[in-house]
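Given below, in the form of C-alpha cells, are the structures.
Consider the two complexes below, in which subunit A is the common component and subunit B and subunit C are the respective partners.
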Partner chain A sequence: MGTNETTGPSATEEGVGWQTKFRYVLNSDFVRSAPFWAVPFAIMAVAVYGGIGYNFAISLTDNNGTIEPATFSNLDFEMYFQALSDPNVIQAATHNLILLVSFTAICLVFGLFLAIMLDRQIRYKETVQMIYLLPMSLSFVVTAQLWLWMYDTDSGIINELLGLLSLGPIDFIGNPEIALWAIIFALIWQFSGYTMVVYLAGLQSIPSSQFEAGMIDGASTLRIYLRVIIPQLKASSVSAAVVLMVFALKAFTFLYAMTGRYFPPQGTDILATLMVREAWQYNNWAYSAAIATLLLLMALGVIAPYLYYQYREGSL
Partner chain B sequence: MANNGSNFDIRSIVDGMNHRRLGIYVFVTVFIAFFLVPLETGIMTALKSTEAINRSLPFLPPGGDGFTLANLELALEQVQRGVINSLLMALPATIINIVLASMAAYGLTLVDWRGQIGVLLLFVAGVFVPYQAVIVPLARFWTHIFPITEILSPLARLVLVEPYHLELIPLMITHVAYGIPIITVLFRSYYKSMPKSLIEAGKIDGKSVTQIYRDIVLPLSKPMFGVVFIYQFTQIYNEFLFSKVLIGSASAQQATVTLILPQIGASTSGLDYGLRMSAAFLAALPTLVLYIAFAEQFAEGLKTGGA
Partner chain C sequence: MGAITIDSLTKRFDDVVAVDDVSVEIEDGEFLVLVGPSGCGKTTTLRMVAGLETPSEGAIRFDGELVNYTVPQDRDVAMVFQDYALYPHMTVRGNLKFGLEEEPEYTDAERDERVEEVAELLDIGNLLERKPGELSGGQQQRVALGRAIVRDPEVFLMDEPLSNLDAKLRAQMRTELQQLQSQLDVTTVYVTHDQTEAMTMSDRMVVMNDGELQQVGAPLELYHEPRNRFVAEFIGEPSMNFIDGQRGTDGFESEPLDYPFDSTVESSVASLSDGDRLTLGIRPEDIELYDDAADVTEGSHTESMTVTVVEPMGNENVVHLSYDDATARGDDLIAISDGLRTIETGAELDVRIPPEAIHLFDGDTGNALHNRLLETDEQPITQ
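Moving on, here comes the complex of A and B:
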C-alpha cells in the first residue's frame, strides 16, 4: 500500500481511480443487496420466464407423441393457425369469456355487498367474516366434490328443495346449457369471501368522518355509499378484478375435479382444460403449447394494463 | 338512579335494533347459511350410511341407525397416504419459499438501487402468469433436462423416508419456484410499511446490509412470516395442476391428496357420495384446522396477495 502511494502522481491517479471505482461498485447498494435477491430472482426467472420461452419454442415445432427431447427444426407458426381455426378452441375461448365477465362482475358486486354489510358495525364481525371466507381455504378439488353433491340430480340438496316447490329435478351438471352457469355459481360461492376481504380493507382506510359528514348533510345511507364511499374503492376493485379475471382464464382444477377426467362436464370446456387435455391425453405437445401461449397472451391483456396502472400510481 | 340507568340502556338497545339493523342481521344469517351449507351437507353425508343418504335430506344430521363411521374409516385408508405425501411436500416447500422470498423482498425494498423497479416488475408479473403457460416444458424439464429424482436416487437408502418420497422433490422445487413471486410481493408490501428510521438507525450504527436484515428486519417480520406461512402452506397443500403434471396418476405411491380425491368412490354404478364426502372432509382437514386457528392471518395474506 505504502509503495503505491509514493509512486508518481499520474500512476496514482489512474490506479486509485480504478480501485476506488471498483470499491465503490462493490460497496454500492446494488451489489450488496444482490446476495439477497439474486438467488430467488434466478430461480423465479428460470421457472417463470424460462418456462414461457421454452413453451413458446415448443409451440413452434410439430412435436407430438411421447415426451422426448424436442427437436427444434422446421419452426413455424402452423400450430397457432391451427388453433385459431379450431372450433373447439373458439368454443373454449367463448366459455372463458363468459366465465371471465360474469364471474368477475358478480363476485365484485356480491363481495362489495358483503363488505358493506359487515362494515355496518355488526356484532361478531370477526366470526362472520371467518365464515364467509371459509370456502377460500378449501382446495378446488374439495369444493368441486361439495358442489357435485349439492347439484346431484337424484338426492342433491338443491333438487330436494326444488322438489318441495314441485320443480325439477334439474340435471345442473349434465345439461350443457346450464352446466357453465352452475359452475360459475359454485365459484362465486368460493370467491366472494375474497372480494369481501379486499373491499373491507378498502373501507377501513376511508375515515369515518366522511360518512358522518354525509349524515349531517341529510344524505341517505345508500346515497353516501354510492356517491362518497364506493368511488374511493377503485383501487380495491381493480386489484380484486385482476385476480378474479386471471383466475377465470386459468381455472382448471375445479372443472377437472368435477369429473375426475380430462373432459370437464359438457358445455364447460375452457382453454385451460382443453390445453391440458391436448397435451396429456392426446400428447399433442406443440399444439397444446400454442394454446398455452394464447392463454398467456389473454392473461397479459389483463395484467399489462394493471401493472401500468400500478406503476403510474406509484404503488408498485 | 340504578333503575333509571338500566331503563335508559334498554331503550338505547331497542332503538339500536331498529328495522334496518334487524334487516342487516337477517341478511348476515342468510349468508352464513349460504356459505356453510355445502360444507355442512358434506360433513353430514360423510357420517351417513348409503341407505340414510338416499332416504334423508342431505343437510340433516344422521338419525339413529343412519349414523356410521364406516365411510370415514374407509376414506381414511384411501387418503392417508396422500395426506402424508402432501404434508411432506408442502411443509418444506413453504418454508424454503418464504425464506427466499423474504430475502428477495428485503433486497428489493429496503436497500435502494437503480433499476430495482425493473426487477420488481418481473416478480409482480410472475404472480399472474397462468401455470398452463409453463407446464409442457415443466414436465420435460424434470424428465429430460434435470432428472433430479434419478440423480438423488442413491440417497434413498440413506434417508429415513420411503424411496418414493424422493419423487416428491421435483414437485416441491416447482412449488418453491412458482411461489416466490407472490410471497415476495407480500413481504415487500410489509417491508414498505416498515419505518425507514429503523433501517437508517442501523446504517448509522455501522451495520452492514446483512446485519440490518438479521438484527432489525427479521425480528420485526415475525408476524409477516406467520401470515405468509398460513397463506402459502394452504395454497401449496391445495394445489392440483402441478401434482397432475408431475406425478400424474392417483395410484402412484407419491400421489398427493388432491390427486387422489377426485378418484375416490367413483364406479360404473355412479358416485358413492358417502365415501367421496368423507374423503373430501379428511383431505380438507389440515388446511381447515389451520384456517380456523389462524383465519385472521389467512385473510391478511389473501387481501394483499390475491387468490
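Moving on, here comes the complex of A and C:
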C-alpha cells in the first residue's frame, strides 16, 4: 500500500489514462507480492479445498462399485440421510466422541500433573522430560503393535502383572466393552508427554514472583495452583487440547495397525475406519464420501472454537 | 508488635555467600531502607525476612519469636514485589481480595468493604473491575501497594517497588509512600539501589556491600559520618571526591595535591606514621571555587585548577576540574557551584578545599579516620 500512496495521483484523477491506472495496479503490493503467496495458495486451493470439493461432489452421487465410470448425474443428499440413520455410523461417531473427549481430558489433566511435579523438582528435568516425550516420537504403527503385545491375553506383560495379583487374565482388545478404553489408555501413554511439555513451557513463563505473592498472601500451595497458576495456563491448555483432538480424530492409523485389516478390534470402530472400510472393502464410494464429509464437519467443530478464541484474543 | 531482630544472618547459595553476618534491630513502626549496589545481598536479606529464603546461619525474630523456619503464610507480612506480581487473570478487586479470602474471620461483605476502603485510600476505586494488563505502571504500583495494605500486616516488605516508574512518578510515589507509612504506622523494610530513595524516605538506612553490612544509621548520619570509604562514595550525588596519597611530614601528600593538616585533623591521624597510605575525601558541594586568587579570604588549601566539563542542572552547576590543563581526560575533582554563576569550560579557577569539610580514610582498609566537622558538633568524629 505504501507504494500506492507515494506514487498515487495528487488531485487530477481525470487526467490519468488507463495505462497509468494499469501501472498502479501492477505496482500495488498485492500484485508485486503474488509470486510469494500465489504459488502455495494455488497448491493448497487444489490439494486441500479442491479435494474437499471433489469429495463432497462424490458424496452427492450414488457411486458404488457397480457403476463404472463415476457419473455426476442425479445429485442429491440421499447418502447423508442413509448415513445418519445407519447404526454403524452412529456407533462410530459415538466412539469418536468418547475418544475425543476422554482422551483429551485425561491427557490434559495427567500432563498438567506431570508438568507441575517436574516444575517443582527441576533437578533432573531434562532427562525426565525426554523420557515422557519419547513415546510421542514413535509412529502409531509402533505403539499399536507394542500395546497389542502388552495387552495380549496369554503372554502380555499387563496380564502377567495382573496374574501376580491373582487377577485376570483380561482380554483387553477382544472384549468390546473395554477395547476402546484400552486403546484410549495407550493413546494417553503416547500423548501425555506432549501435554506435559506444553504445560511445562507455560509454567516456566510464569514468573516465580506469582507463586511468592500467593505465599505472602497466605494461600496454601494447592490454592496457589488452583487460583493463581492454573488459570494462567489457559493458552497452553487450548493449544494442547486442539492438537490432542486432532490426533484423536486421526486415530485411524493406530486402529488399522492393530489388526492390519479394515476391521478394527470390535467396539472400537470410529468414523475414519468405517469410511475406509466402506470405500475400499465394499466400494461404496459415494457413501464413504458422505461419511468423510461428516468427519470433516466434526473436525471443524473442534477447530472452530479454537479459531474463534484466537480471533477474540486478537492473534488471528 | 512489628519489631524485627536480625541476628548474625548469613545466606549461602552453594559456595557463594550472598549475605554475610548481618545484624540489625528494626523497631516497631520504623521505616528501614536496605540500600546497596546490585548483588549486595539486600534483596536476599528481605526475602529471608519474608520467608521466601531460609537463612543458612543466624536468626530472624519477630517480637522475639524465632521465625527462621516459619512459612511466609504464617508470618503476617505483606510484600510489594519489584515486578508487582499482580495476578494477571484477576481484576484489581480480585487481586486485592485474594489475600483476605485466606482469613476466615471475615465475611464476604466485610472483605468487599475492606477492599473498597483500601482502594479509596490509594485512589484506585474506579479501577476495581479492570485487569492489571489494562493499567498503567503507576496504577499497577498502587494495586500492588493496595494488596499489601489490605491485609493489615505487621510488616511491609518492599523490593525496589519504584524502580519501574518514570522519574517524575517515582518522586511523587516516594512522598506518597512515606505519608502512607507514617499514617499506617507499620514496620517497613524497603530495599532499593537508589541512594536518593534511601536518603529521603528512611528513618534509618542500612548500607550493604558484597553481602556485608557497612553501616546503619539515620540518613544524615551516614552522609556526614560515613564509617568507611564505600559508604562515603555510595551516599550522595554526585559522589564524594577521593584523592589517593599518603601521610607526609606535615599532612597529606599526593601527586596532584599536598594538603597540610590543621590541629584537629592532625589529632585524628596521629597514630599514622609517615608514608602510610591515606585517602582524602571531599564532597563536591564543600569545594569552594574562586575566579581570582585574591578573593580567597581564609587561609591556604587553595590550588589552581582547569575546568574540563560543566553540567548545568539549573539550580546548580556540576563542575569537573583537573589539575592539568584542559586537554587532560580524567577529572581530578568534581565540584558544585551555584546555578546562576557562569563558569566556562577551560577556565582557570582557584579551588579551595576547606579543612573542616575533609574526610580521611585509611588507604588500605578504607575505614574512616576523620570525618568532617559539623557546626552543631565541634568535636571531631573519630572511629
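Everything below uses one rule, namely that the second predicted complex is superposed on the first by the 282 of 316 C-alpha atoms of A that agree within 3 Å, B and C clash if a C-alpha of one lies under 4 Å from a C-alpha of the other, contacts with A are read in each partner's own complex, and residues count from 1 in each chain.
Criterion: a residue touches a chain if its C-beta (ideal position, glycine included) is under 8 Å from a C-beta of that chain, and two chains touch if they have at least 3 such contacts.
Keep in mind that what you see is a predicted model, and the values were worked out from it rather than measured.
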item: Overlay on subunit A: subunit C relative to subunit B, clash or fit; value: fit
item: Contacts of A:272 with subunit B and subunit C, given as first, second, both or neither; value: first
item: Partner, of subunit C and subunit B, that touches more residues belonging to subunit A; value: B
item: Partner chain in contact with A:96 - subunit B first, subunit C second, else both or neither; value: neither
item: Partner chain in contact with A:218 - subunit B first, subunit C second, else both or neither; value: second
item: Included angle at subunit A between vectors to subunit C and subunit B, based on C-alpha centres and rounded to the nearest 10 degrees; value: 80
item: A:284 touches, of subunit B and subunit C: first, second, both or neither?; value: neither
item: Partner chain(s) touched by A:33 [first = subunit B, second = subunit C, both, neither]; value: first
item: Contacts of A:120 with subunit B and subunit C, given as first, second, both or neither; value: first
item: Which of subunit B and subunit C A:207 touches, first, second, both or neither; value: second
item: Which superposed partner A:231 touches (first subunit B, second subunit C, both, neither); value: second
item: Least Cα gap, in Å, left between subunit B and subunit C after the two complexes are fitted on chain A; value: 7
item: Of all residues in subunit B, those that touch subunit A in their complex; value: 21, 24-25, 27-28, 31-32, 34-39, 41-42, 45, 53-54, 57-59, 100-101, 103-104, 106-108, 111-115, 117, 119-126, 128-141, 143-144, 174, 176-178, 180-181, 184, 208-210, 213, 234, 237-241, 244-245, 248, 258, 261-263, 266, 271, 273, 276-277, 279-280, 283-284, 287-288, 290-292, 295-296, 298-299, 302-303, 306-307
item: In the complex, subunit A residues that touch subunit B; value: 28-30, 32-41, 43-49, 51-52, 54-55, 58, 67-70, 114, 117-118, 120, 122, 126, 128-150, 152, 154-157, 160, 189, 191, 193-194, 197-198, 200-201, 239, 242-244, 246-247, 249-250, 252-253, 256-257, 259-260, 271-272, 275-276, 279-280, 285, 288-289, 292-293, 295-296, 299, 302-303, 307, 310-311, 316
item: In the complex, subunit C residues that touch subunit A; value: 50-52, 71-73, 77-79, 81-83, 85-89, 98-99, 102-103, 147, 151
item: Residue ranges of subunit A touching subunit C (in the complex, touch as defined); value: 207, 209-210, 212-220, 223, 227-228, 231-232, 234
